[in-house]
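Going in written order, the chains are labelled A, B, C and D, and every chain counts its residues from 1.
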Amino acid sequence: MKLIIKTVVKPGSTRANKTGAWRSFMPVFDHKLCSKCGICEIYCPEGVVNKLENGFFEPDYEYCKGCGICANECPKKGIIMVLEGK
Amino acid sequence: MRHRMVVVEGSYAVAHAVKVCKPNVISAYPITPQTHIVEDLSQFAADGEMNCEYMNVESEFSAISALIGASAAGARTYTSTTSQGLALMHEALFNASGMRLPIVMTVVNRALSAPINIWNDQQDSISQRDTGWIQLYAEDVQESADMTPQLYKIAEDEDILLPAMACMDGFILSHVYEPVILLEQSLTDEFLPDYSPEFVLDPKNPMSFGAFADPSTYTEFRYKQEKAMGVALKRIEEVAIEFSEKYGRYYGGLLDGYMLEDAEIVIMAMGSVIGTIKDTIDMLRKEGERVGLLKVRSFRPFPADEIRKALKNAKVVITLDKNISVGKNEGALCTEVKACMYNNRDVLAPVIGFMLGHGGRDIPISTIVKMINKAKLVEKGIFIESEFADLREDLA
Amino acid sequence: MKEIRIHGRGGQGSVTAAELLAVAAFEDGKFSQAFPAFGVERRGAPVMAFVRLDEKPIRLRSQIYEPDYVIVQDATLVDVVDVARGTKPDGFILINTEKSPEHFKMVTKATIKTLDATKLAMDFIGKPIVNTTLIGAFAGVSGIIRPESIKNAVMERFPGKVGEKNAAAIQAAYDMMEAQR
Amino acid sequence: MSLLKPGHRGCAGCCDALAGKFVLDAVGEDCIVVSPTGCLEVFTTPYPESAWGVPWIHSLFENAAAVASGVEAALKAMGKMNNTKIIAIGGDGATMDIGLQAISGAFERGHDFTYICVDNEAYMNTGIQRSSGTPMYASTTTSPAGKASFGNPLNKKNMPAIIAAHGSPYVATASVAYAPDMIRKVKKAAAIKGPTYVHVHAPCCTGWKFEGSKTIEVGRLAVETALWPLYEMEKGEVTGVRKIKNRKPVEEYLKAQGRFKHLFTMEGGAEEIKKIQATADWNVKHFGLE
């Protein structure tokens, strides 16, 4: 066995850590109100609001921490924050 | 051998040795008495004799920091410093070792302030004992130079990957002119393989260096560093032999003995005082004294087993320290030699510690003879734990 | 082993003189060691440099307390430094001065030798830089280093015209002092 | 998908994560990132994980610029520089306080790299202590407001001017609240040869005491009140500013944050707010923001 510890770590490996568990409020995206501007995607600190094939956006709830920036910044008020478990 | 020698300054011999090791990045800050090394290296770079980036940084802290970045990017790196400069690097020394970056640095040993003093002792490198750097101490200019490729080979070993210091006494070795063989490029190319680490900062294979370790993972980093030091313990010896086969010069691996076999009084020391001790021993041997020398070449890793073996027949051991742990009234070598004897019955000889040569105070033969005479008092039941060997009574 | 102490002032090239002696002696087949008395002295302050010469490799690293030979680059130093200190009785003290040895009253059993190296340097080199002239003189007095070796060492260090002029001064100084040996 | 991967431990609504994401959006895959110690470093790389999708190195708190310069020197020496961008991303403390000397040295030496200061105006990683990026009258844990204090008594250090004085070819200010502007500036900085600098205003919900959902809103207010002017400097000269339409009074910015709350409750607070307004007015005049 190599004595050398892997002092380096693999890129993007935090994906093992599912931060969706941090969330107490979850953003719910209302596509009817969406203008597909993409601001929600830009300002997601987790980088987990993804563009769907149909041009709408959805967060990856495995990682979304529920910060609510997307809801706050949505110019159409098309994202609402809902208490988890409700 | 003689026809290949030239009389040059110690610093030049070291700078030349660095040159033939072909570092990619050199980063240094001037500080007496290390300056000549970096001046000579700057000149080599200015003359187009080195294919490297020479960085004039704004402090020793940035010198070592730049090398951390360069080494992580896959470069062979070099710096040299001394005293305050080494102390300023302190934080980054742990970092370089913890990140397992095989940076090689010549430490031109010098005293620490206050009071400010530019002369030789070994307080600077001894104070970096626990930073996880390999530390070898040279007895003459040739050894100081020859250590450079040896340390690259040891540090860059994939089972070691630890940074290393080549320690040479300031002025006494850095500023002396004496005959040396300048390391041959062709032999060094054969001796020292290219540095090709498995992981480097590379956009094609984007690894992260220097991650944050919590209590669940931190301990193992230290454990593996310690294991790597264990590998280095063997490798230092092997590389010294490989070096002697290639270049025809050998100074010991971890240790080196002189008149040791039948010695009753064994002097242990590190660095340039070794030569003076050898002359003293020759003189005393003529008078029938059974005195010998155990040179400690590797202080980190510390060769405890080898020391115990070497001291088997000793009746009294004297340690010489150009440093002091204030509050312990001992130098580091003394403490460590004593410690390595405690948990076994191999060696029963008492250890007497002498501190001397601080701030460049000269160590003439007479001082060494005085210590030997004090050690002989052990036979009469008078035991000295540890003391300054060269105090000026008028100032003390 | 022979030990030499060189007294000078900062900027007069005492360390270079020591280095050149070490290089020359090595060329002559001896082992050598040259080192300064490490200090923080600036230009003009009294300084020292040391040289050891031996038939076998030199291991001793202490300073020199009982030199066989002393070289004094500047006679004014005699008034401020005990240049004779520790000098062996069978050794000599070589002083750069226009004065004769009798002029110097020192407590020493060593022989005092004098030479107007400044004049020689002015004549041959055109500058009052005496370190090379003095080591030529030293070779002449001591007989332990060949003048050719000194000249070679100097010419290698200062190639071209400068080296040649120095070599001429060295030879002249050597000849003068050898005649007195 | 962003090159700063999810799963990191940044606060919900973290400005640093946004800044890191925007920087990587701007420079792309062919870069090497150097981080000094700080929130961004800690929450992105809990061993054995890393959120970074690009090569990344953290060494110490005060040496990122030196490390970055060493990386650059190494790539140059080994002939691997090609088009790789070297990016250092440090917080305000690592940049304006403890790392200032190393930054000065690296900019003086002229390495080809871009230094990005993500300025959330205090030592957030260690618990919201004052830094030289902390604005006047912000209450922090080491410059708390109290009966005898309105909080931090000192003005924010003008770091962009210090960098510009080093002769940097490009210095810009940006804000995480203006993503396209920030990305454009980082891209420009990275493309310009030599040491370039982008100073990014980054509202920290935890340290400034506002809801995580308001990170962008607060950042916008800083720009709209002229407390954080957006400008570009080339070779020491201001060459571009973002004009403000309908400038808002500084109260709107201050009111949105708990760290300035005392200015509205303490006696004499209104007078002190005038001093902050004066700073905004000076910015408007100095940079020609209107």
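We adopt the following convention: a residue touches a chain if its C-beta (ideal position, glycine included) is under 8 Å from a C-beta of that chain, and two chains touch if they have at least 3 such contacts.
These numbers were taken from a predicted model, which means no experiment stands behind them.
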Winner on C-beta contact pairs when B-C is weighed against A-D: A-D
Approximate Å spacing (C-alpha centroids) for the pair chain B, chain C: 35
Between chain A and chain D, centroid-to-centroid distance (C-alpha), Å: 23
Chain C and chain D, separation of their C-alpha mean positions in angstrom: 64
For chain A paired with chain C, centre-to-centre distance based on mean C-alpha positions, whole Å: 81
Sites on chain D at which at least two other chains make contact: 45-50, 52-55
In chain A, residues with contacts to at least two other chains: 9-11
For chain C, residues contacting two or more additional chains: none
Overall pattern in which the protein chains touch one another (line/ring/star/complete/other): other
Which pairs of chains touch, using the document's own definition: A-B, A-D, B-C, B-D
Residues on chain A engaged by chain B in the complex (per definition of touch): 2-5, 7-11
Footprint of chain B on chain C - complex, ascending: 18-19, 22-23, 26, 31-36, 38, 40, 57-63, 65
Touching residues (chain side chain B, partner chain C) in the complex: 5, 7, 9, 33, 118-120, 140, 169, 171-172, 175-179, 272-276, 278-279, 360, 362-365
Complex contacts: residues of chain A adjacent to chain D: 6, 9-19, 22-23, 42-43, 45-48, 50, 60, 62-63, 65-69, 71-73, 81
Complex contact set, residues of chain B against chain A: 98-100, 158-159, 161, 199, 206-211, 220-221, 224, 227-228, 231
